[in-house]
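Could you have a look at this structure, given as structure tokens, before my questions?
For reference, chains read A, B, C and D in written order, and residue numbers begin at 1 within each chain.
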């Protein structure tokens, strides 16, 4: 439905120019947005992730599942170079965003993070007002007149399905919201800078089922515009909310590896790998 | 934000539509397989039977995926289970119809038996109202529908008795075909009873033999 | 262990233990009486802790009481009027002039100078330590900073007098800078307070959860933007608390000012001349030979009371800020 | 089934605010009872009122709670002893920053539950019952904080049962664990229920459905007090809920 005449993969909202660093390429729904080719991640001498080959498809939800310590979060955080902030972390292999290597020497990690946003496990709104939380990322990039900023804030909060709940208290601290609302605020904040990919690191693990379903529904509506990668411990969540699913496992040398990748329904009904089968059916070790 | 679980709801609706599709197919197949006026093509009925199987497989596959990925509970879970059972019953009905068509495609004599035509009409209305009950989740209507199966049972007995005791006994092939046709129609009625049981199960969560008057009374009390 | 066999009391106990071991192995519950019984240890501890709490309150009250009583004596003596105390421009007990203003301005001047040094340097050090320094650098730097806090103030005083003052005089001209001047004292006092402001601010900055930094970085902020738009505001209440404690320290500091700032009350805001601060005055006069009944003696308590009032005000302001800017994360 | 804990018209308050309204509920002996419901419906408050843990944060209770024949809120009852008979496992694994061995031995010594020379045996038997012995038997002196999350949580359970409680309360014990850790805790609960009465608060509906025998469904009323809207056997609650709100909740449809 998105013809080749639409050159920009995220909706062309007026307030932000295409980012520096890597040029955006034409994309269609379901095309590979990010491609990982033999990606390995090391912390010092320790290999946390070995030879991952994976495609993150545009406007689809890709879930990453696997037991604790299998390198799911490491994988996720390598996608937007968040691992750079960890000393001694090194990435090998090629990690392509629209065909350009994210780990190329002249690529600015800050620019990568603007295109690949992130939502964390625990809701972490800034200790600022709800309004300022959303405005923060936009202000980093350019000065926005008050009225325009109002529009951006409203739009992002609407997109994050939070507007109706907070429209009367935008000046209240983001910390006064409930856990689920905080997480949606974090999502609003992430989409305010108009990323192309949104990474979510167990976004619902601290939330109750109601808030969880809200976030899942939100993901479904966000996937119209963004590629989403979600790491989750909750197999039910992975199975009902994702389009593609990557199963990871820890090898005997404690490095994480990808053991199966495919469409979610197939992975949950007819897994190809015995370990995946055991894991999704709840029979572990 | 009232639309939570849209994926599950979507699949449940698809299942429901497929069941209704099969239901109306069964209805028209009953009609065509024993049509007293027109000449029915076996090919058409067989093709219908194949389509029934296809739809049933589709429903089963979808239900399996729902169970694996959507984790339905409570009524949703019952909906999925019921859909699988009902699809299976409808598929059997379709095959009964193709059996009837095969028996009578070239024999107008049997088709003209009034009692068979009566059974045919009855099986059609039963199928129809079982689908009504399914759509509305109406346990009461389901129980009423199941109760009407007795008519088919009695009709078949009546047919056997009259055919075997009458002076102008038809030729053996006709006799056998008529009896087999009645048998098939009676089986369709049993399938409808099973469907109705599943409708009651879906609506109330209780599963018991709807053809037994005792359980019927008990259930009428509990569902009222 | 020999005694156990004949001590019937211990024998009974060991029997009790034995039955409990059985309970563990057999997975059976021993019924436990849940009714209240005295626990003497608990009571004693509660009493002791309460006593300590009460003692600290009593000490404060005692100090306030003594200060107040003596200050009251001062204010009730015929030579003194309350209005004169606050509005008078000269402090000359020997001349019967008790205007607090010269002492207050000197205290304020030195403190302001000190804070002008301590706040930027302390904050910068804190930001560096918590945000930029590699773990190795932090390991080296923090002890160095803390060492600065361990230097006795008298050493600072001599440092001011024998190093900073000559330096200032050579820089700004002998005729402009007096031998005893508030600038030198204030600067050195600032250096003394740097570790205090720095380490409290550093604690506050480090307490900001990593998740907030990552949230900001994840939105495409640079490290500098993250530090100053997210981390520092989030730690603001702690930083302000550190600054206010630093000011209190500056206001209360005695040794440096009495050595380097001069020994005569002087109503001026010019930092290049000498003046005596409240603390410096108290130290100088109380070191002298005063009769307990003299007005000079009681005047010290009035000055002390004033000092106490300033510090208290600062503490209250600090509490207000801490609450006002508390950003719970 | 014997009733181990009985709640009769229990109301829980924080100051004037009523957090739980009128819960009457039997907790059956050697069964697992799950409490489910949305955030803020008073699940944890109710759980904590059972071992008088809510008193520590200024909570109070109206109504009566019975452990067998003993009223837990009778004036002569010592809350500290109540907490020994009704142990608790928390959402986040919270082992003491000491060795694995010490984590268990600590409470045993504190309450003089075993002689000195028997503590080794007690530690072993508790670790065995918490299905942790095989994994840690060679590193009992290691700090408990070095264990994985799931192991820490099992250690906390071992620590709790070392005090020989009658009832074990669990407040979302698996919220911080991955499916493997969760599976192990659930297996452990099935083991423990032979000897203990277990009450678990959980947000994970699948967990409540597969691991518990009875389920309590709670909901917040308009005045923000939580109330119990359904109690029954788990099978019934998850396949044929009586209350419409329970049906919506367990099938994942929330308003």
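Methods note: a residue touches a chain if its C-beta (ideal position, glycine included) is under 8 Å from a C-beta of that chain, and two chains touch if they have at least 3 such contacts.
Keep in mind that what you see is a predicted model, and the values were worked out from it rather than measured.
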Neighbouring chains shared between chain A and chain D, ordered by label: B, C
Highest-count interface - the chain pair sharing the most C-beta contacts: A-C
Label of the chain whose CA centroid is most distant from the centroid of chain C: B
Rounded Å distance between chain A and chain B, as computed from the means of their C-alpha atoms: 49
Averaged-CA centre spacing for the pair chain D and chain C, given as whole angstrom: 45
Cα-centroid distance, chain B relative to chain C, in whole angstrom: 87
Numbers and ranges of chain D residues touching at least 2 other chains: 205-206, 252, 254
Numbers and ranges of chain B residues touching at least 2 other chains: 4-5, 8, 71
In chain A, residues with contacts to at least two other chains: 213, 236
Each pair of chains that touches, named by its two labels: A-B, A-C, A-D, B-D, C-D
List of chain A residues in touch with chain D within their complex: 67-69, 178-180, 205-211, 213, 233-236, 279, 282, 284-285
Complex interface listing, chain C residues touching chain A: 134-135, 209, 211-222, 225, 229-230, 233-234, 327-329
In the complex with chain B, residue positions of chain A that touch it: 161, 213-214, 217, 220, 236, 239-240, 264-265, 268-269
Parts of chain C lying in touch with chain D, wherever the complex brings them together: 13-14, 17-18, 20-21, 23-25, 27-30, 32-37
In the complex, chain B residues that touch chain A: 1, 3-8, 64-65, 68-71
